[in-house]
Structures are given as C-alpha cells and as structure tokens.
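As written, the chains take the letters A, B, C, D and E, and residue 1 is the first residue of each chain.
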C-alpha cells in the first residue's frame, strides 16, 4: 500500500507545487503553520480539485489533472481526521462513531469497544457533540475515522487538543495500525516526539514545497534539516528488546551495546526504535563514573557543526548507529571535540521520552 | 488585579465544584481533557450562568449566585481566546483584529502592528477567515483578543495548533503581558513547558475539582502532583542573569551557583526563572569530569520517592533551591542515594527547554 | 360593478368630451365597493350589479335621496361551446350535461348565481342539477369555464355570452323565471355635487343608452 | 357543533384535508427544487427559479386560469393524467393542487435558505466516511435542514388554509367537494349581512391554523435542539 | 410603448412603486419581529407569532376588509393616522400597506429561519470583545442573516407584485392611484375578450418580477460568499 502524490495548486498568495511518495507505514507531514499540510490532505481526500498533478494509492489513480480523473471522496474511502473535529451535531457520539460502518464493505471490522476504550469515550456515547469538551470532540473524531474501515488514514493533528497521558494512550494505536493492520497513514503533526515515534517516512514541507523527504532517521537525524526548530533534531536508532528486568527496566541490545530504558511493553525479541533527542545526549571524553545515567555508548565524533547560537551539533558514530548530540560550543571546545575524537555518549534512561519509543515498522 | 473564583455547576454526568484564587500574573489551568477547564473559562467570561458560586475580579463582583448578580459578558471586558478560533467569517482578518477596539475605552492602545508582526499574520490581513489554515486562524484569534484591550485575558489552549518556533515567538508576548502590562491571564494548557514558563499560579483540575493549587514552583515541583503525567514534573528555580558571554552563553547566578544557558535575551540583572524538568537532571555522587554538561550543582538528597514503575523521583536541596531529578530506581540503589547523601546535579545547558526559560513574574 | 368595465371604458371618454368632467372609475365587485362606501370611500356615484347592495346602502342612508335609478337590465342565458346545439330547459338538462359541470356564479352570493338558481328552481330543475353545479366566484369566471371547455354549459348574462366568441347561447331563461336583472345607479349621500349629477344625467341619456344596448344590455323603461 | 352548520363543518374538514395534502404532497418536490436551486448549476436554473416563484408573482386568479388551461378536462395534460386516474378538475384534489402550487414558492424558499446555511464541511466529512451523495443528503443535509422544512411546511399549510383565488378559479366552489373555508367565507361576504357568518368561519380557520402553528413551534424547538447538537 | 397603453404603463409604474415600498417598509419591523420570535421569550410571543401569520391564513379579502375596518376614513385609527398625515384609504400607500401586510409572514419567516441558524458562538465571541447586545446584532447577527433578509425581501416584493384580493378590498381599483397590475389584470378579465390584454399585463408583471429575482440571485451569491468567509 503506497501513496504517490504530485500536486500543483495556486491560492491567491500561496502556491503549492510538490511531490512525494508515501511508502507503507506512517508518513508524517511536518511543517510550519500555513506550509500546506491540510491542503495536501484535502487534495488526497478528494475534497478539493487541485489545478494539476496526480494522486495514486496502490497504483489506483485517485486524481489525475491531465487525464481529468477525479474520484469523488466517498469512492476513495480514506478515513480523514480533520483538524477541527467536524462531528455531526445531530447524531449522538455513538451514532457518529457508527456512521462510517454503514458505507464500508463488510468484514475487517474494527473492534468498536476497543477503540472506545482506548479513546476513553465510553461515558460519552449517549451525548451530542455540543455537550463535549474540545479534547473529547477530538477523540470522537479519531474514533469515527478509525471505525469507518478506511483504506488509508489521513490524520490532521489528531492529538493536538489532548493531554500527554491521553496522547500516550492513543499513539500506540496508530503504531498498531501501521504495523499490524497495514493501513497506511498520512499524519500531520507539529510534535517532534509524535513524528519520531510514528514516522516511517517524513515529508518536511515549507511554503507549499517539499523541503526534505526520507525515513524518519534520515530527516530527523539530519542536523541541517530541522523544519520545526532545533528541538526536533535527534537520532533514531534501532534496537532489539533483550530482556525485562525485575526493577522495571527493559534492556535493549543496540548492535551489541546494552541500553536500559523504562519498561517497554513488548515481548523480548521485538525490534524497537528509539528517538534520542539531540539535546538529551551528553558527551564525555572519559567514561563517567558514579553517575545516575545508565546508558553509556562509546563512539567517535564524526562531525561538529556549530550552530548560529551558542550550540553545536555533534554527530557521533557508535556501534548502535549515528547519534546526534546538541551541546554548547563551549563544551565542544573544552572537551576538544573534533572528528575522530573518541567519546562517550551519556543518555539517561528516563530522558528518552515515552512518546519517542515505539515499535519499529516492519 | 486578582481574580477570585468559586463555582458550582452540574452538567448531566459532570459535576463541577471548585474554588481558586488567581493572583496577578498568569494562572494556568492544568488538567486532563474533560476536567472542566473550558467550563471555568466560560463561567468567568459570563458565557454561562453557573448553578452557584461567585466570580470577582479585583473585588468587583462579576457573578454571584446568591445575590443573583450576573454581569453580561460585554461589561466584563475579558479578552477570550477560545479553544476553537471563532473568527467572524464575514469580516477580513484586519477587521477581525480591529473588532474589539471599537468597544474598548480609548487609550492603553495595544500596538496593532507589533501584534501582527509577532503573530506573523501580516500577509493575511486582507483575507477572510475561510481562506486561512488552522494555525493561522488560531493566531488571528489570539490577536483579536489581545487587541481588544481587555481587563484580563482568558486563553484556552491558544498555542495548541502552532508549531514550536511559532510558539516560541508568541510565548514571550504573554510573559510581557504578565510582567509589564499587568494584565492578568487565565491560561489553559496541556503543555508542561508552557505552564512552567508562564505560570505564576498553577491550578490543577481533575474532574471538575481543584486537585492542587499553588505557585508554579510548588505545584510542578511537587513530586506527587503530576496532573498530566510524569513528564510534567520538574523544579522551577529562580536566578539572576549575571552576564552574557561572547560564545553565546548566558551566565546566571542561582544563589551563588553559576549556571550556563543558551543566550537569554534580557539585560544582565534580570531575574530569570528556569524550569528544570526532572528527567533532564542526572545525579552523580562524585563531581563528573570531562563531560559536556556545563552545570553542576552540589546538593544533598532530601528525599527519594520510588515511582510505580522503574523510576524514582529524587529531591535534591541545592543552594539554588530544591531540584527534582527523575532517575531509575536501579541508579538510585547503585549510587546509594538516601536522604542526607551529598550529590551533584548535572544539567546540560541545552536541555533546558527554550519554552522553559522565562522572566520571573515581578 | 366590474361587469360594466366595457361600458364604462366607452362612456368615460364620451362623458368627458360632453361635459368636461373627468371620471375615475373604480372597478371591483359590488360587495367590495359597497363595503368601501360604508367605510367612507370618497366616491360620488355607485353602480351596482344587483339591487341588494344598493338596497343595503340605501337602508344605511348612504344613498342621496331620489338619485337612484335603474341604469340597465340584462337577460340570463345558458351558454355552451361555440356551435353547440340549442338546449331545452327541461328534464333533459342533466342528460345534456352528462358527467360535466354546470358553471354558475356562486348561487347564494353572486347576483348571476342567485338569479340562475332562482330560474332553475322555478323551472323545477334545481334539485336535479344542483350536484353538478360548479360555482365560480363571479359570472365571468363561470363564462370562462365554458369558454375553455372545462364545463359544457354555464349560466351567464346575455351580455357576457354575446361578447365571448368561444361560446354560443344555447338557451335563454324566461324573464319571469327570476327576478328582474337590474343595474341600479345612484349618487352617494354627501356627494351630490354638480359632477355627480351631470354623470347620472349622462348615464340616463341616449348616448350612454346606445353604448349599453350595443353591448347587449337592455334598457329599462 | 352548535354554531356551525353541517355544511360549514364540511368546509372545515375539507380545508384541513386540502391543506394537509397540499403541504404533504409539495414537500418532496419542494425539497428537490430547493436542493437543485441551492446546489446545482445547470442550464435553465434561473428558469426553474422563476417558475417556482411564479405563483407568488401572478394574481391568484391567473394561476387558477393557468391550472385550468393545463389540467382542465379538455386540456391534453389533464386528459393524460385522467387516464392515469389522476383527476384534478372540480375535485378536492384540484383544490389541494392549487393550494400546493400557491404555497410552493414559500416552501422552496424556506428550504433553500436552510440548505444554503448547511456547513459544507460536515457534508465533506460524511463523504470521506464513504457516504455517496444521496446518503450525504439523507443522513447529514436532510436532518440539518429540518428547521427549514418545518418552516416551509407550516407556511405551505397556512397558505393552503387561506388560499382562495386560484382554488375557486381552478376547481370552482362545489359544496362538500371544493368548497374550502376561504371559498365559504368569500361567499358569505358577497351578501349584505353575511359578515357574522363569515366571521364565524374566519374564527374556525384561524383557530385551526394557530393550532398548527403552535404544533410547529413545539416541533421546531425539538428540531433546533437536535441540530444544535446539545 | 407600443403594446401597452398609458393606463397600463401607469399600472406598471404603480405596481413597482407599491411593491418596492411594501418591501422596504416591512423590512425593519420584519427584522424586529423575526428577532423577537427567534430569540426572546416573552408573554404573548405566541400571539405575536399568530398575528404575523394571520394574513397568510385569512383569505385576502378578509385581510383587506379588516384593513378597511381598521384604517378606513371612518375608523378611529384611520383618522388618528390621518391627523399625522398618514392616509392609507384609497391611496397608493394603502395598496403598499396591504401588500406589505400580505407579504409580512413570508418576510418574517425567512429572516427568523436565518436568525435561528446563526452560530451563537460567534455572538458570544462578539460579546466577550465588548460588544453590547445591539452591537452584537449590528455587527455579527445582521451581516450573517443577510441571506435570509434577501430571501425575505424578494418574497415580499414578489408577493406585492401579485397581491390582489386584499388590495382591491382595502383601496379599491382606481386607475393611477390604486390600480396595480393585478387589479388591472382583474379588470381585464371581467370583460369578455379581455384575456389578451390581461396576458400582456401578466407578461409585464412576470418580466419585472423575474428581473428582481435575478438581481436577488446575484446579490445572494455575493452575500453567500461573504458569509461563508472565503
């Protein structure tokens, strides 16, 4: 299941001209407010007719400007989670959730009870949308799209209105969609953690154009591409879950290096991806002693990229993969960091954001 | 300027009964989706008539259930930033921005050009709201409320739809409101960073009740109160900006301890508040050497609070104030941490989130 | 009365020519006009299509004394489509109608209908045809039903039938089968000015009479 | 029963029947026409729009004449319909038709206004959930325009209760068949002294229409609550 | 000019004047009544609602008769207004009044429908920005209900172009003063063979109304774009 998008559209004062491929998995559209993310969503969903271009899902053409093909939205069957909830005001929450199922082919039924449970909307089923809070509306909208058994999901900042624990409950569901159900997802987000955790592919947009496109590791690990600010920089590394320890830590094996993280709810053997934000990595030229950080990765400095401000981005090659560390230029100089210098990357177990740990896409 | 709120209201299936005081500055309402934040906002703004209670701003009663006082919204003059933008569809962006000014008393004029510039909506002034992106709408809504010269601002997740750099541009404006303009702000947010940075007072809500209320340092520094999840824990410490160094670092003086942070855009002498998230703090029992972290604070363990999972929250008393460190239980045991043990708190300069540094409320 | 439109259209200019007075004619149903007069309409002369409304105003003291006279008379006929065979006004009438309707003006309310019902009753036909009577709101509408073929027969005034090319008279009701059909005219109390008097005079004159006879009205003796 | 004779009761019953059917029968075509005018761009749209408004613009008598011309016993269309068992001339069904035609512009305009106010984003959401256009209409648009349909229906009903000119011209005044309340009232007003009798019928007519109006207000409040989603 | 005589032109001009003023004069009270019915709860609300609908329910002749009784030269109210310089009886102004009364329910209903569809959250936003209720109405509600006002206005105008029964009953049928197009058409239909002349006037009436309708469609599209906020 892969989506291929090429779009050209002019609004007065905003021109969009872009192309990207969304391979199976979650493709995150990443970009600043007004960069064209929702417009791409609308075009893919068939809610607008772009001036030109082509959209195809699994080789099936949904839109083709030259061949004047424009499949109407209901025949595309893409489950759209809109930036605003767009619930049907005259239907109860339960009826909203059931809405899509009547038009979907039988079979492959999503488990309603499970989705309701995950979204924590069980108590709201009898209410009308007018009596819901902002975050409750957002959750019902997610449920409605998921339960319509779509061929693909387009989610436009689905979690923006939610609190952190709720986000943490819902994110694994998208992961499962990506990995188990095989439903491709086009996902808009401003949150680096969500991106790092979910993205198979990241498409960074700027001003209606694709700034960079590639795997999550490539784009987020690229010190020069930080489309939404410096805090989105970070490396994504892959590891295998080795064992669960009785004190609640999980031990991972990243190419021979042991990493300790707070309990990861997977069976040993699972392939795990971690996002390690650049600012959470410390570097030391000697192996630190007597320190609370459990994860020490030996490596070699590959590059030191001074930033515009006081910071510097240091790329360190370790056996587990390339790691980014954002430190101060002063420290870089004090430690004499330069390509080739051996260093220890120090990472606290708890600094790895729970949002940043996920199951690797297969 | 202080706001005093006592509210009682029953929705079918949701009962609200709470009271809090919002002293001058920014009072952040913090709580999970559906906990009643927007309902409080509506009641304070006069958009609903609660079953009972009393709302007073600076001693002036806005609502009193017993005395049957209910000042209509337009006489309260509270600038509300709604969770959904609620722009006037028939007016251009510029007209939306100007809307409030006609009803406001003369003088004390907010500088329109400055607000427009800060929000980055200069190019949109001639457009209708229907032609704006989600984040653009949110920004115009912020501008509209700010420019109505309100006596107080009620902001319901104003930044939820915005990307990180945009947030970083707008947050200082709220700070300025708090500190210079003296406009009190009631602010709803899910983001721990925003809370830590802005809050003078934090009111944590749960299920229509106040869970905890106090200064930002108290509530966020309280290891047992983490209303929206473990990642919101962190200490807030106060420091004085000492000097700007040529390499772009700013040196702060926290009760005699030097802290180095990326450039803070204030004049030396300014009082600064920092939020140091618990998970960004490492502890060492010996002074670490050859490490990139620039900030080493000596202190003594005050308490070790094991969490339900593998983590433990360690409270460390330093000269700069009480600091929280979230480390693994394994490390705590390995280092032999217990009340009275001397430790070094290790904090990277860059780990302090830019959203987490702000000017202290006067 | 509205049915005098044609006549008034011709008489008004002639009257102006002859006397220099301007004439404003308000054409509406007699009932509407009479009510307006009761409500104080600034009219000088009232011409009614029947005597009842004139009597009504008379009783109310709204008619100037001694100005009332009968302007014209009319005959009641049975009209059928153009070229239709004559009809005999007896028991065969229902057979002639067949499934069709007999078009009349409102039989309890509008003069032509009242006269028609009286005529049919005195001929002993009313009870038989009553179920088939379609009552129009005025005699012109009844005529139109016949002209358009919606009804095979209709009871109308001779003047109407004469002016409508799409209908022919298939029978004429005996004059004694109904009350005399008269169009009374009178000046209104408080409006007996020179112009009103002149107009009433003119209406009684030969020129007006000629117009009325040409249109098929009879002139009362 | 005391103060109304049997004929008058018959007129009341007939008027109710005529008004009800005029309203009910014009709802489906009215909704269709309103939808077409609000949403579709097609050649002849303005002509349809004009046609819909025609009964409002024309004096009722003219509308009645046109109906008679089109659907009278001699008219080809009237005959064609007759062979299908649909007879309008001089029947209560014709009175209902005339009332329906006269009320049609009111019905269509109210519904069209509601359709134009429906948030297209909800219809978009429905389509993305797999609803084909008819289902979007049936499950989203239609429920949301219920206030407009209700307003249109009550206008059509009230108009039908008061319609006189087109009705009497088209189907005459046949007691028990086409003598509706307005026809009866008109007849009373044609004779001196008939005011009292007319007034009685006016009172009945007003009472019936007010009851319908109150009913529609209650239904309207219910519908409004639904649509507001609270 | 060829095919219409001067009297007929006078009827056309009069009808336009009457219809325009009927529409224009009923807009302010129509908007007020619609707002009151849509938003306020007050004793007598249902009575006001009934009164507004009355001209729709009553046969036009009755409405005209009631107007005559209330505002005729002999009636106390008519005299009172006359002393203020407001004369309706047998004047074009009376024709306009009759047309306005007959169109009032249509106007009010359309506007009320629009008011009920206004998103109250926008009005709330306006109030929090300091707008007192009248300003909320003037700057938010009113612009948002323009489609309803436009629909109401065109309905009232079209109705006024076609109104006959109440007009002729109230102000008679005086050439140049109260002989509107429908009255002139009626007059022609009273003489055998007058159909052709009547038809000409019908054509003029339809043409005028269609022009107004087209205009309202253009204005409507403009207004809809504004309200949709695009």
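Criterion: contacts are C-beta pairs under 8 Å (C-beta built on N, C-alpha and C of every residue); 3 or more make two chains touch, one makes a residue touch a chain.
This structure is a prediction, so every number in the text was calculated from the model and none was measured.
Following the contact convention of this document, no chain is adjacent to both chain B and chain E.
Chains making contact with chain A as well as with chain B: none in this assembly. Here the largest set of C-beta contact pairs joins the chains A-B. The most distant chain from chain E, with centres taken as the mean of CA atoms, is A.
Spacing of chain D relative to chain E, judged by their CA centroids, is 20 angstrom. One inter-chain figure worth recording: chain B and chain D are separated by 60 Å, centre to centre, where each centre is the mean of the chain's CA atoms.
With centres taken as mean Cα positions, chain C sits 90 Å from chain A. Among the residues of chain E, those in touch with two or more other chains are 61, 65, 186, 189. Those residues of chain B in touch with two or more other chains are numbered 84, 131.
Residue positions of chain C touching 2 or more other chains: 144. All chain pairs in contact, by the document's touch criterion: A-B, A-D, B-E, C-D, C-E, D-E. Taken together, the chain E residues at the contact with chain D in this complex read 46, 49-50, 53-62, 65, 105-106, 109-110, 112-114, 116-117, 147-148, 151, 155, 158-159, 161-165, 181-182, 185-186, 189, 198, 202, 205-206, 209-210, 213-214, 217, 224.
The touching residues of chain D, when paired with chain A in their complex, are 121-122, 124-133, 135-136, 139-140, 143-144, 226-230.
For chain C in complex with chain E, the residues that touch the partner chain are 2-3, 5-6, 24-28, 32-33, 35-36, 39-42, 138, 140, 143-144, 160, 162-165.
The part of chain C that touches chain D in the complex is made up of residues 29, 31, 34, 52-53, 55-56, 100-101, 103, 106, 108-110, 133-137, 141, 144-145, 148-150.
Chain D meets chain C in the complex at residues 61, 65, 68-69, 72-74, 89-90, 165, 168-169, 171-174, 183, 186-194.
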